[in-house]
Amino acid sequence: MLECVDNPERGRVYTIDFETSEFTALYAVTGQPIFAAISISYVPGEVCVEQMSLKRYLGSFRDEKVFYEGVVNRIVDDFVRACDPVTLDVTGDFTVRGGIETRVSVMYDREDDV
Amino acid sequence: MLECVDNPERGRVYTIDFETSEFTALYAVTGQPIFAAISISYVPGEVCVEQMSLKRYLGSFRDEKVFYEGVVNRIVDDFVRACDPVTLDVTGDFTVRGGIETRVSVMYDREDDV
Amino acid sequence: MLECVDNPERGRVYTIDFETSEFTALYAVTGQPIFAAISISYVPGEVCVEQMSLKRYLGSFRDEKVFYEGVVNRIVDDFVRACDPVTLDVTGDFTVRGGIETRVSVMYDREDDV
Amino acid sequence: MLECVDNPERGRVYTIDFETSEFTALYAVTGQPIFAAISISYVPGEVCVEQMSLKRYLGSFRDEKVFYEGVVNRIVDDFVRACDPVTLDVTGDFTVRGGIETRVSVMYDREDDV
Amino acid sequence: MLECVDNPERGRVYTIDFETSEFTALYAVTGQPIFAAISISYVPGEVCVEQMSLKRYLGSFRDEKVFYEGVVNRIVDDFVRACDPVTLDVTGDFTVRGGIETRVSVMYDREDDV
Amino acid sequence: MLECVDNPERGRVYTIDFETSEFTALYAVTGQPIFAAISISYVPGEVCVEQMSLKRYLGSFRDEKVFYEGVVNRIVDDFVRACDPVTLDVTGDFTVRGGIETRVSVMYDREDDV
Amino acid sequence: MLECVDNPERGRVYTIDFETSEFTALYAVTGQPIFAAISISYVPGEVCVEQMSLKRYLGSFRDEKVFYEGVVNRIVDDFVRACDPVTLDVTGDFTVRGGIETRVSVMYDREDDV
Amino acid sequence: MLECVDNPERGRVYTIDFETSEFTALYAVTGQPIFAAISISYVPGEVCVEQMSLKRYLGSFRDEKVFYEGVVNRIVDDFVRACDPVTLDVTGDFTVRGGIETRVSVMYDREDDV
Amino acid sequence: MLECVDNPERGRVYTIDFETSEFTALYAVTGQPIFAAISISYVPGEVCVEQMSLKRYLGSFRDEKVFYEGVVNRIVDDFVRACDPVTLDVTGDFTVRGGIETRVSVMYDREDDV
Amino acid sequence: MLECVDNPERGRVYTIDFETSEFTALYAVTGQPIFAAISISYVPGEVCVEQMSLKRYLGSFRDEKVFYEGVVNRIVDDFVRACDPVTLDVTGDFTVRGGIETRVSVMYDREDDV
């Protein structure tokens, strides 16, 4: 669902960050709503992710049943498949449950991914 | 008491952080209540810690008599025994006593632990 | 359990505030730990509450089963019985449960209490 | 859907506040997700709102199509019908859309409501 | 340019706030860009301002030459003409110029406006 | 030195605030530099203070020897003489000297000033 | 020990605030050091308190044995005796002891003091 | 449009940072206004950028149609062409659109630029 | 005066931090009180510093005449002599004097100390 | 004008930081006042800078005409000449002009300075 556009500066190493506090899904075990802030930071390769498609993509989790670790790793996988970035960091900051706040962070580097 | 579930992304190095400000125990010398914020950050190995069991585990200190240095090191030991993480950082931020705030931080790396 | 000492300035209307973030009890329904910040603000009458006895008094809820509304009202009742203040405000800020933060505030005035 | 329990201190005027940043619904016109922080503050009458039913009630808007003004007023109406409070304030802080943050606040007083 | 929709709760006194930090215009004397945060708070009468038209309205100042006092008063006049609110507060927080930050605030009440 | 321009909305009661953290003068006793943040808030009468002349006016204290109480009262007097406001509040927040921060606040109302 | 200077604006009602976080004394019961932030806010009468003498005055508590309630009330008494202010507010914010932060606030009005 | 002046300390490696929250342009696709905070940090070479020309340069984007990635890269290119810095970092923090905040960061090093 | 207890985890490299904002001494030149926040961070060797003795130790400077640079270095020397830590950082943040805030930081490493 | 005193711990590498928000000078081109926060951080060599002379030194710029880049570099040069530090960092944070905040930072190392 993630769409891409040409990277306007392919020869240059630079960083694009997206941050949203409007992420919600359902918890895989209980079906209860979960809420998170999602941060995505990447160095683009040949293409950049188009921002409106990113919004729709993140919104598509609204009715999905997910685990905390699973959903952050899946965003990484989908993002890599869609735009093959040079590097990519994704962090999900999940709101307090049972008095505990949980953060899951994945750092991806294209060179390590063989 | 810490229970584990399979790591959904065993081949990937990524980080899971837990933070709670709802930790209390009793001080070993005086038996008085102590309060702390506990932060746990780890790179999972084969398994991940199940979050509800973590809540129960941290709650089990409520009636235990502990020293500041001792309790943080014991969380490290219990966590390592339960889920054998690649790396693990545990920090306890203990509330002011006698005008002094105390923080104890342990960084564990599986490679150093032979 | 609350002990009192003579008010050193009986003829003067002034305010004494106590704030602690180290309050814990058990939830009446589930027996699970609850955590709160408690604020007590009062205009003393003939006597003032002795601070060490206040600490012990608040600590005595540690193993009690309480409701949010109940515990704040009970602190008001115990405080009034112990030191008969001119006015008294008690607020309990209970930590997030189910994504909801709850605050219970009681304002007491000796003139209204006939 | 809001359930009530007996007010443990019917004779006393005191305040109960609920705050959550985990509110989401769909926008009536576009069907797009909207996010808000909801604050509810009330002086209870004969009964108090039971907190778990409040969580379920607020969660029930997840798939509803609403307007900003409409949803805050509807929470007021449902809350009044369920527990007939002495006073009630409800505020919805809706996240930025088109560069504009919107807040809708309703103050209700039982005495004015004849 | 401000468009209106029916107030869904005409019989009730409640407040709608809009806040944006994305306001820009040109200074009347020098033609230089000026930037401000604009806050609009009103109790609606028969109609509410439609939010997308508000965004377009505030954007229409982009190429206008204005004075600080003038532009805030003009937003009040336009808003009153468009939706005849019961009360209306408009504040413009203009960014630092010459080391001085300027704020202009207008409070309007329909009852005083005869 | 303060210059004025016509108030564009003479019939309306509204407020203009100026804030600067760039105020400096010399202390009357020692000749040492003093620094302050100055806030000026007024309801204009027939005229408004022109902002560039305000900047020059506040800058004119740079080499003046002043007392804290004196300088805030003098700004009030000069401002009243220049633009005859309906109300005027001036506050000077002077930086720490000898471990003590000092604030001097004057509230002026034209009706009281006969 | 508090010295005074003439009020430069006797006919005008205005406010002078002093704030310091550098207050220390000894606790009357244990002899242990206590630390507080002290705020003093007053409307001057015929005279103003000279700031260097205020610094020396507050420093004179360094080796005194005091109670929290007592020391704030004593500052009020000494201040009133020294400069006979129209109104006077004194607040002491004492640092955490036993997990509890204590604030004592006294509001004095010359008209009530007969 | 960027003008330069001689670097007063050519032999020394030091850093000059500019930050402004007053950047606006038009979005290339929709023509809608976009707002950003722009940070520019560089180690000067032979010349420094003259600050007033920087202000005019950043203001020149007001009526330009740009993409987020494009505008930050273009500022880098124009800055390099104008003053040939040793290193240069440019970051654009674009305000929330569709619930997502976007940041584009480019780090340039003269040694890598062959 | 600093007393020690056995390190409960001698084989492990971990960190203990102490922070207090309740430090006061006298200035060596003028005899005036000085105030500071003191931070002590160390990796323990065979023994840990006992916290109550640390409180008494820091309190013992109350009537000592010290220089800023001298007192921080002396805490390092006393701490090293008392518990021979693997590493030790001590920072003193001294409150504003003459408009200047001063911080002195010493980093000690046992390996460098031969 | 900067005076020095003997470093009490010559054999030890440690850091002394000074921060002041009370720096003002005149702009070289326009003669207008400029304001800045100045941070100085150094590892002392044989001598330390005496703090009262630092205050007088920084105050001596009050009537000087300077450029932003020039004044920070000149403080570095004067400081090096006065006390020959091992390392020295000086940063000037100049207040907003034309909507732009400017920071100039110089890092000096005695070993590089031949």
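All chains are identified by letter, namely A, B, C, D, E, F, G, H, I and J, in their written order; residue positions are counted from 1 within each chain.
Following the convention adopted for this analysis, a contact is a pair of C-beta atoms (placed from the backbone, for glycine too) under 8 Å apart; a residue touches a chain by one contact, two chains touch by 3 or more.
Quick caveat: nothing in here was measured; it's all calculated off a predicted structure.
Here the chain-to-chain distance from subunit F to subunit I, counted in touching steps, is 1.
In terms of the stated touch criterion, the partners common to subunit E and subunit I are F, J, listed by label. Centroids of subunit C and subunit D (each the mean of its C-alpha atoms) stand 28 Å apart. Mean C-alpha position of subunit A lies 44 Å from that of subunit J.
A straight line joining the Cα centres of subunit A and subunit G is 56 Å long. Chain geometry summary: the mean Cα position of subunit D and that of subunit I are 52 Å apart.
Contact with two or more other chains is made by residues 21-22, 35, 95, 99 of subunit F.
Pairwise chain contacts present here: A-B, A-C, A-D, A-H, B-C, B-G, B-I, C-D, C-G, D-E, D-H, E-F, E-H, E-J, F-G, F-I, F-J, G-I, H-J, I-J [touch as defined]. Across the complex, subunit C meets subunit A through its residues 35, 95-96, 99. Interface of subunit J with subunit I (complex): residues 7-9, 12-22, 44, 48, 51-52, 54-55, 58.
Interface of subunit D with subunit E (complex): residues 67-70, 72-73, 97-107. Subunit I contributes residues 21-22, 24, 32-33, 35, 59, 62, 95 to its touches with subunit G in the complex.
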